[in-house]
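You will see chain A twice below: alongside chain B first, and alongside chain C after that.
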Partner chain A sequence: MRLNFSFLFCLSAIFVVQLALVSPSVSLACASCGSGSDDPLILWPNEQLKSYLGVSTSNRFETVDTQGRLGRESGPTSRDALTLALGKALRNDLFMTVTLPFQQNRLSGASLRSVGDPLLAVRWTWLLPDFTAPQQPQIQLMASHKFAHARSQQEVGRLDLLDAFGTGLPETKLGVDVFWGQSPIKGGFAVGALFPEERILGRNSVFAGNGLRSTATLGLSLGGYNKVLAGVVREYREERRDGGRRVAGSEVLAHSYFLTLDWTPANLQTLRFSFSDRGRILTNKNMIAASAFSVAWLSTWE
Partner chain B sequence: MTLNAINCRLLSAVIVLIGSCFAKMEAGASPQVASGTSACPPMDRTKLMRLLEDAPEKRLNLVFFSGWCSDCSAHLKKINDSSAILVGIFDNQARIEKVVARMRLANRCYTDSGLGKLLEVKTVPAERFVTLDSLRKVPR
Partner chain C sequence: MNLINSFLGALAILQMTTACSKATSHHSSDSQPVAGQEQIVRGKIFSARIVNWERGPEVSGDTLNDINNACVIEVTRADGQTPTSLTVLDVFPYMKVHGHGAPDEQITTAVEGSRIRVAKIAFTMSGEWELHVKATVDGQTEEIEIPIRVP
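Let's look at the complex of A and B:
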């Protein structure tokens, strides 16, 4: 895994600045706070404004064909990203987040940077957990929209795909996130229906196919206010349509797993380490396998 | 824009609207009873001043908690000061009263009505020792 100097510098700067802003207090953040890990930023009823600053690096890109066979990917060998997200509570039970990634693709010493696809998400907490009834989960309804800002593989000008940073298709997600977080052993699941929009990319209209993304999460409180979460994500998409015609055998099936460690070094501050590996467990089809590692600082401002 | 895209945007809007309605109904369902007659009536600065004036040593320990916070359970169970006052915060009155009833806590209980902001309570559980003097010094 490779993190270049600028990203390490950013990470150090974030760490120092955030640490300097930590205010001393006798109270501590709630250890039950967590979710199905479907979105990076979750606001709890006591939080009004929260930020997420993360750096990540992805590599080990490999194509997975229709038969599930792994092959060499012809595009970039690694991608670094700096992700900024801001969450604002609209009410105690309703919040919205805006996420903006800045990405850098690398291939054989060459690299290109671009702003990735911004994401706007809204979550409404339909049912809050209750510590006198730990069997009662938290239930959130989620809706998000990803804007297609970055160039896709169909729109790039380079043969090595170094300038491809997105799918090129705007996409809306609607779903539900259920989480049991009141006990030392935590768990939950999230299911989201994916609705991409049809767009003209290159010379053809492209529709990626509706999809379903399911996440199962299991977590463990590590004492104090720290926890570890592990989970499996399954993403399925119907057959793609190119120029209005269904492309036989083009449905996508992708399985990935993730491991996340949340460490709360100070009040209202969380440091999150995550590792994920996509396309290398269970059955996969028509996708790109990749491994990713990220470090993020979550900070509650109000 | 395809019909599919329009449908999913409409669905998003409907979900947010329905959510808002349900949440308002839930908030409205909290008992709005006069102070003193409900289990955990709202408490603001004025009411805290009155409680402090009546307190034997003119000081009080306020324990802030929420029904959704798992750490609050252990914290509330550890309270051995019968004069400590429980203040439910970041939660609605009905849920706070339910939690206190289920835990069979004998302490006096209130629902936050601006005190949290005044005493800079940002997370739960949290404790604040207040005296008449210290409260007078806190800017309104």
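Let's look at the complex of A and C:
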């Protein structure tokens, strides 16, 4: 079933307004876009040690070709993941996180498991939120590196591709994250430059092309630490290189949207429900469309 | 309210940049191969053209029995003459625009005069692929790429 973007947008807007009308509103500082669309775990300014335990499932895979046409693909029909992340504050304005996914590919009753690509991320808060100036945003500079641990489609040994778990390419991301989180209505944006490494995969040296990932987020406090966020992500990559040569028409353009609900059932404990749909809004090119749903438990230890 | 305006403004910019990207992406559409109508590919040593798809091209299934793409490739020398000897060294599919190939150990080839019959070609997704053919024609070896559109 394909859902129209405007329909989903209207539905989420009605949902947000409805919740706002029935919930007491508290102005709280909020770290970053916090939706998990860029990094799964974000520490708030007063948090020292925080963990993330999430389960997710992705399905409805469709290829999008160079002309933006949706098509079929073989291989797994569902990809599930158990994601563990740990974040530690190094200073009041600096924290780092380590993320490790464990993935499972499923196809017609068969499944295969593997450790995914680990992610190491660091964020420095250049401008801290100020309770006396709610209009002032929090500004963070972010840097992360994804290690290419999992086997890529170039390295598979099975016809059903169940053993493909990653891109095979390490990637560094540098960016900025701006968020206005001290009002009941929250919002922000993040922009990250993507720098993949060139690697020999299969027969060729492969370079996926440098890219830019932009996220725009709008959210609403639901009282206490509860909030709901919705956003749009745009990812662009320049033409890839294959065997040292640029591949004409290989630019990647991917748009996705996400909806996230953070619910705090107990002090320092948060349950996060997220839905995202990739490749089915706006224009897309040379990517895999997919839908994903995740539930995560975030726990602050210090 | 300023926040909402800012967000809507960001979305508008996003939409505009997307429209620009869309407009600039159309230049490649004319050169895309049409399924079943692959053009002749000219190399320095030999030229090749798919003259017949016995099955496919189509997205393959997940078992050996579900990989059914088979085609016949006609090979000529660069000067247009029929080769006197033809040896196939390697045939494999590759999707350059996505940067990956597909399992190819199951591919079979058979030379029939100046034609190569290739079977069990796996295409793992729709889109623009290349079928790489490495062959020795009249004592000289070359590898060429035949573009294929898989619907």
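Going forward, the second predicted complex is superposed on the first by the 265 of 302 C-alpha atoms of A that agree within 3 Å, B and C clash if a C-alpha of one lies under 4 Å from a C-alpha of the other, contacts with A are read in each partner's own complex, and residues count from 1 in each chain.
What we mean here is this: a contact is a pair of C-beta atoms (placed from the backbone, for glycine too) under 8 Å apart; a residue touches a chain by one contact, two chains touch by 3 or more.
In this text, all values refer to a predicted model and were calculated from it rather than measured experimentally.
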Item to complete: Quick one: on chain A, after the overlay, do chain B and chain C clash, or do they fit? Just give me the call.
Response: fit
Worksheet item: Regarding the shared-chain residue A:198, is it in contact with chain B (first), chain C (second), both, or neither?
Response: first
Worksheet entry | chain B versus chain C as contact partner of A:94, first or second or both or neither | first
Item to complete: Look at A:183 in the shared chain and tell me whether it touches chain B only, chain C only, both, or neither; answer first, second, both or neither.
Response: both
Practice prompt. Look at A:143 in the shared chain and tell me whether it touches chain B only, chain C only, both, or neither; answer first, second, both or neither.
Written response: first
Worksheet entry | CA minimum distance (chain B, chain C), superposed complexes, angstrom | 16
Worksheet entry | Overlapping contact positions on chain A, where the chain C interface meets the chain B interface | 183
Discussion item. Please output the residues of chain A touching chain B within their complex, sorted ascending.
Written reply: 25-32, 44-46, 91-94, 122, 124, 126, 128-134, 138, 141, 143, 145, 170, 172, 174, 181-183, 193, 195, 197-198, 207, 210, 225, 267-268, 300, 302
Worksheet item: Once bound in the complex, which stretches of chain B touch chain A?
Response: 1-2, 4-5, 7-9, 11-12, 15-16, 19-20, 22-23, 26, 64, 66-73, 89-91, 95, 98-99, 102-103, 120-127
Worksheet, complete the sentence: Residue positions on chain C within touch of chain A in the complex are 2-4, 6-7, 10-11, 14-15, 17-19, 21-22, 25, 28-29, 31-32, 59-64, 67, 92, 94, 96-101, 103, 106, 122, 124-128, 150-151
Fill in: Residues of chain A touching chain C in the complex
63, 65-69, 71-75, 107-108, 135, 152-154, 156, 158-161, 180, 183, 185-187, 189, 201-203, 206, 208, 214, 216, 218, 232, 234, 236, 240, 242, 247-251, 253, 255, 282-283, 285-286
